[in-house]
Each structure stands twice: as structure tokens, then as C-alpha cells.
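Paired with chain B in one complex and with chain C in the other, chain A is shared by the two complexes that follow.
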Partner chain A sequence: MTRTLLMLTAHQLLGQRRAIVIALLALIPIVITLLYRLAGDTEGAYGFTVDMVGGFVFTLLLPIGALVFGTAALGSEVEDGTIVYLLARPIARWRIVVAKAVVASLATMVLTVPATLIMVLIALEGLGSDSLWLAAVVAGIAGSIVYSTLFVGLSTITGRALIIGLVYVFVWEAFITSLFDGTRWISVRQYVFGISDALTSAPEVTASLDGSQALIASAIVVAVSLLVGVRFLKRFEIGEQS
Partner chain B sequence: MTTPEPAPSGAIYDLGYQGYEGPRLGRLYALWSLYLLSLRNAFGIGRGALPKVLAFGLVVFAFTPAVVTLIVGAVVPADDFEIFAPRDYYGIIQFILVIFVAAIASDLVGNDRRSRTLALYFSRPIERDDYALAKIAALSSSLLALTVLPQVVMFAGNALGAANGLDWMRDNVDDVPRFVASGLILCVTFGAVGILVASYAERRAFALISVVAIFFVSLTVVGIIISEIDSDQVRWSLFLSPLHVIDGSTAYIFDAIPQVDEFSRNGEPINQVAWADFPGYIWPLASLAWAALASAIVVRRFRGSI
Partner chain C sequence: MATEAATNAAIEVRNVSRWYGDVVAVNDISFSVGPGITGLLGPNGAGKSTLLHMISGFLRPSAGAVEVLGEPSWRNTEIFRRVGLVPEREAIYPFLGARDFALASARLHGLADPHEAARRAVALVELEDAQDRAMGGYSKGMRQRAKIAAALVHDPDVLILDEPFNGTDPRQRLQLMEMLRRRAAEGRTILFSSHILEEVERLAENVLVVVNGRLAASGDFRQIRHLMTDRPHTFELRSSDNRALAAALVGLPHVAAIEISDGRMDVRTSDFGAFTAAIGRAVRDSGVTLRELRPADESLESVFSYLVGS
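Coming up: the complex of A and B.
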């Protein structure tokens, strides 16, 4: 049953036009990297890679992908009313939430990780030094899990999870966090930077949280999102959505 | 109009149907009504609690720099004290503006389609072009509350807080036409581009993401292209990023395009605009061109089948 649920969700998330458009977004860093190589100058390839991963993949591609997949995994079932058929089955509610979170995380990884790897390979003509690629990939995977789970949890609370998630990513993480340093603890973006900073010795990569702090905070966010998601799905009342 | 006394037509029951004989207010009034309705909807008036919270929450965020400036100005007794200058204001709250545009544009266009009221609108005296332009106008006007209004509040507050209010006003009165003009250009451009993107997305969720993506992805991609690709030709790509164009427009109107130095290319969007070294007046024009082009496409979009 769980397997069916996983397959079904994967089909819902990846089998639509939406997935193709999002995939185009993942092609952007690869195209830019190709342009960069074609322009000839490879002296700053290292800094370029760090800029692309930090400035595009972690701050745009990752949160946007997680927002789309995370809020759609459960949210579109609630919106379309098909959640009823899921809840009427003898599946524990926590299984539903976990399955949705797992598939959303995987979908976000599929979006970000290959794009990151291909980009690094093109820009550095190989994996490069300082295990930069490892930092980018591991932080990308961790970020996919944290963001996606967070948004799956959020989508069980409200039908407008997408816009609230957008405000969180682009107003809170981008705007408020840059004004008030103390808010770095409540910013998934900072966790992602913290994890990537811990894994590479490259001096260009800096973060305001260190690796273990970021990891602990990430684990807390995932756990709380799942707990909240299960709790709200247990109390879910059919036919009373706003 | 004189109508002859209607002959009794009900055979058995008179159901009391009557023709409308009051004034016909016509197309312009319908257009005005649609504009007002959309403007009210933008702030969630006449809708549920959540749209109100969302819209006014973003307005509060947009006011934050102005409020901070006023509070600090009241505490620190210096006269020329500015944390957030009028010329930087729109750049600081850019992210909030984009989210607001995404949220409101997807609502304004998406709700009518989702609830199938679009066909009803088009069966009234309103033309399809009117509908498209009313939506753009409503979004642009609602943006004024997040752009020009905080500037006005900040200006008034600073004038009242200054030791010699009249002197301060005399020194800074130049800012008023500047923030009004640059704010208007910004609102029109954001409004038109927002409605454009939202009108092509079928689901509201997708409209939201698309509007955000268009602004931020173009900003980031063009920023990276300018700073990393070593060719002078890449300066033309700036025109593809609406946020770069609007930054340039605001800076030109405030006469504040920064000096170019060796770091300009890798710097903030406005430094990249300065690096490109186009004549300054091109930025407000490019901004208006974006607005005009986007509006034209929206009008075309609603002329086709929806």
C-alpha cells in the first residue's frame, strides 16, 4: 500500500506540464555555465561555480522546486478533493504524510542535484578540488529534504501554503534575515549554507552557522514539520476547507 | 424611452417580471466598477480573512523601513540622519513588491477564471480590452500603497521630526517629485508584467510561482551573466531583467546612478546598471517599454479564447 502511495505521488508530481517547466529552470544554470565556458575565460571558474551554486541553485532553484513539489504533494489532493479517497483507506495518517514528504524531497533532489553536478563538471572540467562538488551535492540533498518536508507540513495546515511559503523564502529568508542576524536560526537557507561550508575547505564558501548547528536545526525542522503534518492530517475534516 | 402600456401577458399567473427602466450607465461605468472591485479584492476587502492578512501583512513589511527610519530619527537628535534614503527605498523592498505582485496578480486573474465569472463579464457592456486594462490598472494602483505611500509617510515624518521642519522641507522637497515619478513607473511596470505572467498560467499556484520566477530568475541569471561572462556585449542582457531596468530607472530619476569602479560588474544590480554605461534616460524608457509591451500582450491574450 505504501508503495502504491509513493508511486501515485511521484506520478502526480512529475507527470504534469508543471514538472517540465520546472525542469527548464534546472537547465538554466547548465546553459549559463556553457555560455561561460564558450566565452573563454576560465581563470575564475572556481569562484563562478561557488556563485552559481550559492546564488542560483541554493537560493532560487532549491526553494522554488521544493515549494512547487512540497505544497503540491498533499495540497493539490486537498484542493482537488481526492484526499478523501486517500483518507478513506486503512493507511495510518503518518504514513501518508511521510510518503508525501519523501516523494516531494526526492522530486526536489532530482531537480537540483543532477543540475548541480553537471554544472560543476562543465565549469571545472572535472570534480575540482576542495571537494566542492561534495559540499554542493550533500547540502543540496539536505536542503531538498528540509524545504520539502517543511512545505508538506505547511500544506496540511492551510490551503494557501504556497503563498505563505513564498513569503517565508523571499521575504523572511532573503529580506529579514539580511537585516537581523539573529534570525539565521530560523532560515533553512542558512542551514544549507552551513552544511556546505562544513564539507568544503574552499575559502569562498562562508556561512553564519557551523555544520553541526545547521544539521541539528535541520533535523528539528524536519521532525517538527512531520509531527505537525501528522497532527493536522489526523484532525482533518472533510468538506470544510477554506 | 417611452414604452407602451404592456399588455397583460401572463396567462394564468402574473409573475411580476419587469423590464429595467432606470438609467443605463454604460461601458465606462462598468469599467470603473470592475476597477474598483479588483482594487478592493486586491486588499482582500469583501473576501475572507486570509487574503486580508496577506495583503496587509505585505503592506506592513513594505512600511518597515519607513517606520524604522522615523523611530530612529525620533530617538537620535541629528537632523540629516537617514537610514533608508528615499532613493534606495524601492530597491530595499523589491522582494516584498514581487511577492505582493505574484499574490495579487494570480488572484485578480485566476479567481475569475476559476469561478467561471469571466464569461459573465464578457457578456456585459465591458469589452475584452477593458477587462485586461482594468486588471492591470487595479494591480498597479494597489502597488502605490506599498511604494509611494511609505515614502510620503517617511517624508512627512522626517519633516515633522526635524528641528526646523520648514528648512528640512526646503532642502528635501526635490525628493517628492522624484519618488512619485519613479514609484509610478515601477507600479505600472510591475502591474503589467504581473498580470501578463498570471494570465498565461492555468492554475493559481502556478501563476504565483511563475510571477516570482520571472522576476527573480531573470534578476539572478542576468546578474551572473554580467559578472561572469567576460564580454562587453552582455550589457544588452540587462534589458531582459525587469528588476535591473526598474533599479536603473529609479536611480536615474534620483540622479543617483553610482560611480563605476572595478567592482561594479560583480556588485549589486544597480552597480551593474552603472557599469553598462547606457545613457541614463534609457532606463525609465525601457521600463515603460516593458509596461507597454506587457499590456499589449495581456490585451491580446484576453482577445483570444480563454
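Coming up: the complex of A and C.
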């Protein structure tokens, strides 16, 4: 049963143009890094790598990938009506929500984490990485799970999850959290930075949350998103006046 | 059986209403549905899908109660162990073939032998030839049959179908109707909606007529058909001498009014059957030539409107 849910969701997410768009987006940091290394500059390699991971991967590629997959995992089925083929089966709603969150997280991971790893390895090739690669990979995996689950939960509440998600990523996380210190607790980006900071000794990586704080906050966001998703899916109504 | 007080019914709808803001989609409807085929008939927008969604547990009634197989249906996923649902929307998984669609359905039901269940369901709707082709390339009728196969995969006691014959060609329609009749003969409960009178007439033993969110009529189809036929009608006539024909008709007891204008005559009668039996004699007696005779208000909506008022 669970395997079927996972298979159907994976087909729907990865068989579409959206997967190609995210894959192309994931190639951008690799291409930029190749050009950087071909230019022969190695002195600023650590700073460059941290800027690429923190300024592009964690702030753009990861949230956009998770937003696209997270909101589509359930939202596209609600929109096109195929959700009825899951809801008209004797399946507990939590299984559906968890399956959607797992596939959205994996899709985000598959299309962002390997690209991030390749980029870091190219950037620091022959220079010693100070565990930067490990920090980027683990934080990328954690970020994929937290962002994707958050957006799956959001898509059960509203049909405008994509727009709200964009506002969250590009207004709340980009601006508001830099203005008000307390808001870092409700920024997945800060959790990702906190986890990566805890995993590397590179001084260029800094974060406003420490590793354990980031992990606890991440776990809370995942749990709440799943609970909200299950609750709303249980109360989901198919409303047609025909 | 579809009555207002059936016992041991598979589907019980009691004083159910559903409104969206100020719009009343379903207004205080009660009925029971037992084994056999019941047709839910009504024009588009009458509230049929809203009713079926409430029966399937996908819409909470604003008032009243809906029970399926003795249990409240709202938020009750367990009813789907014995209930199959064919939704109206055409949406399917375009990347799956009919067999994989049925197989996915069988697995989601947790069936012991999903492959055999899927094979049997696809055979029931005669889609074997196309079962491995992606449904994205199916015709509308083939998609309908694939949806029905997915709903039949667990051999449900109750089958709910929302406009199941949409897009099917006459041969497919006959085949599906025959399959549904066989299931009904085995004692299963089948409830289907349609806005097409002929579909309901050909398939349903019992009928529920819904108009403007209200139950306009329910029970044996022949009785309702009789109601539909023997209702006030307006006929439009053209003859060689409308005034002479009007003089012959005006004395008939069931002719309520006659209006002549622009070479045509409108006759309002209170009895469809009596008028059609009498018109031939009136034409002969008045010595005129009848050039055209047709009912002026034969739309399904007008029939439904009459039932609401009757």
C-alpha cells in the first residue's frame, strides 16, 4: 500500500517538466564553480564555496526545489482531481501525507544534494575541504526534508501554497528574519545554516542558531507540518455544486 | 429499491441539506437505496454530485445524516472496503495503463491477490486490448471504463457512479449497462447519476429525480415516467386553416387555451395522452390539412420543473 502511494507520487512529481527545470537550476552552481576554478583563483576558494552554498544553494535552489515538489505532491492531485483515487480507498490519511512528504523530500534531495556535493568538491579540489562537503550535504538533506514537509502541509491548507511559499522564502526568510532577531526560530533557512555550521570547522560558515537548536526546531516544523497535513486532509471536502 | 422509508438499505439519506454560503445545493432530501440499480436523475447543477459526494463521505452535510452500510459516511474511510466510487471528473493518472491503474487500486485496498483482482476488473469493462497503453492517450469512453475498473477491483457491495456514461459510445454504454445489471442481479446496490432521461430509463429500476437541490420524485421509474408524460403540455401546430382547427379543438375538455399568431397555433392541454389521441379526429372532422405538430416544451428542464411543482 505504502509502496503504491510512493510510486504514484514519484511518477507524478518526476515525470513532469518541473523536475527538468529544477535539475537545470541545480546545474547552475556547478557551471559557475567550474568557471571559477578554470580562472585559476584558489585563494578565495573557501569564501567562494561558502557563498555559493549559503547564497545560492541554501537560499534559492533548496527552497525553490522543495517548494515546487512539496506543493505539487498533494496540491496537484487536489487540483486535477486524482486525489479522489486515494481518498476513496480505505487508507489512513496519515499514510497519504507521510508518503507525499517522503517523496517530495527525496525528489528535492536527489535534484539538489548531489549537485551541491559536486560543486563543493570542484571548488575545493586539492585544497582540503574542512568538512565543508559534509556540512553542505547533511544540511542539504535536512533542509530538503524540512522545507518539503512544510510545503506539503501548507498545500493541504490552501490552494495558494505556491504563492504563500514564495512569499515565505523571498520575503520572510530573505528580509524579515534579517531585521528581527527572534524570527530566526521560524526560518528553515536558519535551521539549515545552523546544522551546516555545526558540521564544519571552516570559519567562513556562521549561523544564528547552534546545531542542536536547529535540529530541534527542524523536528518541530516537520512534526507540526505532518500533523496539520493529516488534520486538514481528514477534513478535506470535494466541493462541487453540480 | 429507492423509497423514502426502506429498511436495511445500503444507503440512507435523512433530511440532508448542503449549502455553500448563501447557495443551497441540496435542500432537505431524504431517501433510501437498497439492492438493485437506482438512477439519480436531474439536470446539470441540480445537486446530484453534491449528493453523491455526501454519500461518499467527501462532503459534510450542513444538516441531516448520511449513512452507508449502517455507518455515517463523513470522514469514514473504512466504508470504501465495501463501496466503490466512480467520480465524474475525467482526471486519471495519464502515465498508467488501465491494468496498472486497477492494480494500484487493488494494492491501495490491500487485496490479497492484487494482480488477479486487477485482471478481473479490467476484463469486466472489456479494456484488455488497451490495458497496457498509458491512459493519457485514451478516449473519454476508455477513461470512463478504466475508472469503473478501478472502482470494481475489490468487488464492492455498493457502487456509486457519477455520470458514468459520459463520453461512452453506444456499444460501450450497452456493455457497461449489461455489466451493471449483472451486478445488480447478484444483489449489489448500484447508484448512478445522470442528466439524460434515456440512460436512466434504460438502466434504472428505481429513480430519484433531483431538481434545484430538492427531491422532485422518487420510486418506480414507470410511475415517474407516467407523471412526466401526463402533465400540462403546449403543442405547436401549423395547418391549412388554423381557425377551423381551433374551432374543432376548443370544445375538447382537456384543451386549456389556444393562441393563433403568425400562421401558427399554440394549444395548451392538461392531458398529453388525451390530446394526442384526440387531435387526429379533430383534424379529420374540421377538414383541414395538418402540416406540423410538435410539443413546444419538451426540454428535460421543463419536465423536471413540472415534477417539482407536482
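By definition in this document, the second predicted complex is superposed on the first by the 236 of 242 C-alpha atoms of A that agree within 3 Å, B and C clash if a C-alpha of one lies under 4 Å from a C-alpha of the other, contacts with A are read in each partner's own complex, and residues count from 1 in each chain.
Note that contacts are C-beta pairs under 8 Å (C-beta built on N, C-alpha and C of every residue); 3 or more make two chains touch, one makes a residue touch a chain.
Fair warning: this is a prediction, and the values are worked out from it, not measured in the lab.
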If chain A is used to align the two complexes, do chain B and chain C fit next to each other or clash? fit
Once the two complexes are overlaid, how big is the angle at chain A between chain B and chain C (Cα centres, nearest 10°)? 80
Given the touch rule stated above, what does A:Y85 touch, chain B (first), chain C (second), both, or neither? second
Look at A:A39 in the shared chain and tell me whether it touches chain B only, chain C only, both, or neither; answer first, second, both or neither. first
Is A:L67 touching the first partner chain B, the second partner chain C, both, or neither of them? first
Once chain A of both complexes is superposed, is A:L5 in touch with chain B (first), chain C (second), both, or neither? second
Between chain B and chain C, whom does A:G55 touch in the aligned arrangement: first, second, both, or neither? first
With both complexes placed on chain A, how many Å separate the closest C-alpha atoms of chain B and chain C? 5
Can you list the residues of chain A that touch chain B in one structure and chain C in the other? 242
Which bits of chain C are touching chain A when the two form their complex? 20, 23, 25, 44-45, 47-50, 53, 56, 58-60, 75, 77-78, 80-81, 83-85, 87-93, 95-96, 104-105, 107-110, 150-151
Residues on chain A engaged by chain B in the complex (per definition of touch): 18, 21, 25, 28, 32, 35-36, 39-41, 44, 48, 51-52, 55-56, 59-60, 64, 67-68, 71-72, 75-76, 158, 160, 162-163, 166-167, 170-171, 174-175, 242
Could you please specify the touching residues of chain A with respect to chain C in the complex? 1, 3-5, 7-8, 11-12, 15, 80-82, 84-93, 234-242
What residues on chain B touch chain A, complex-wise? 48, 50, 54, 57-58, 61, 93, 95-96, 98-99, 102-103, 205-206, 208-210, 212-213, 216-217, 220-221, 223-225, 227-231
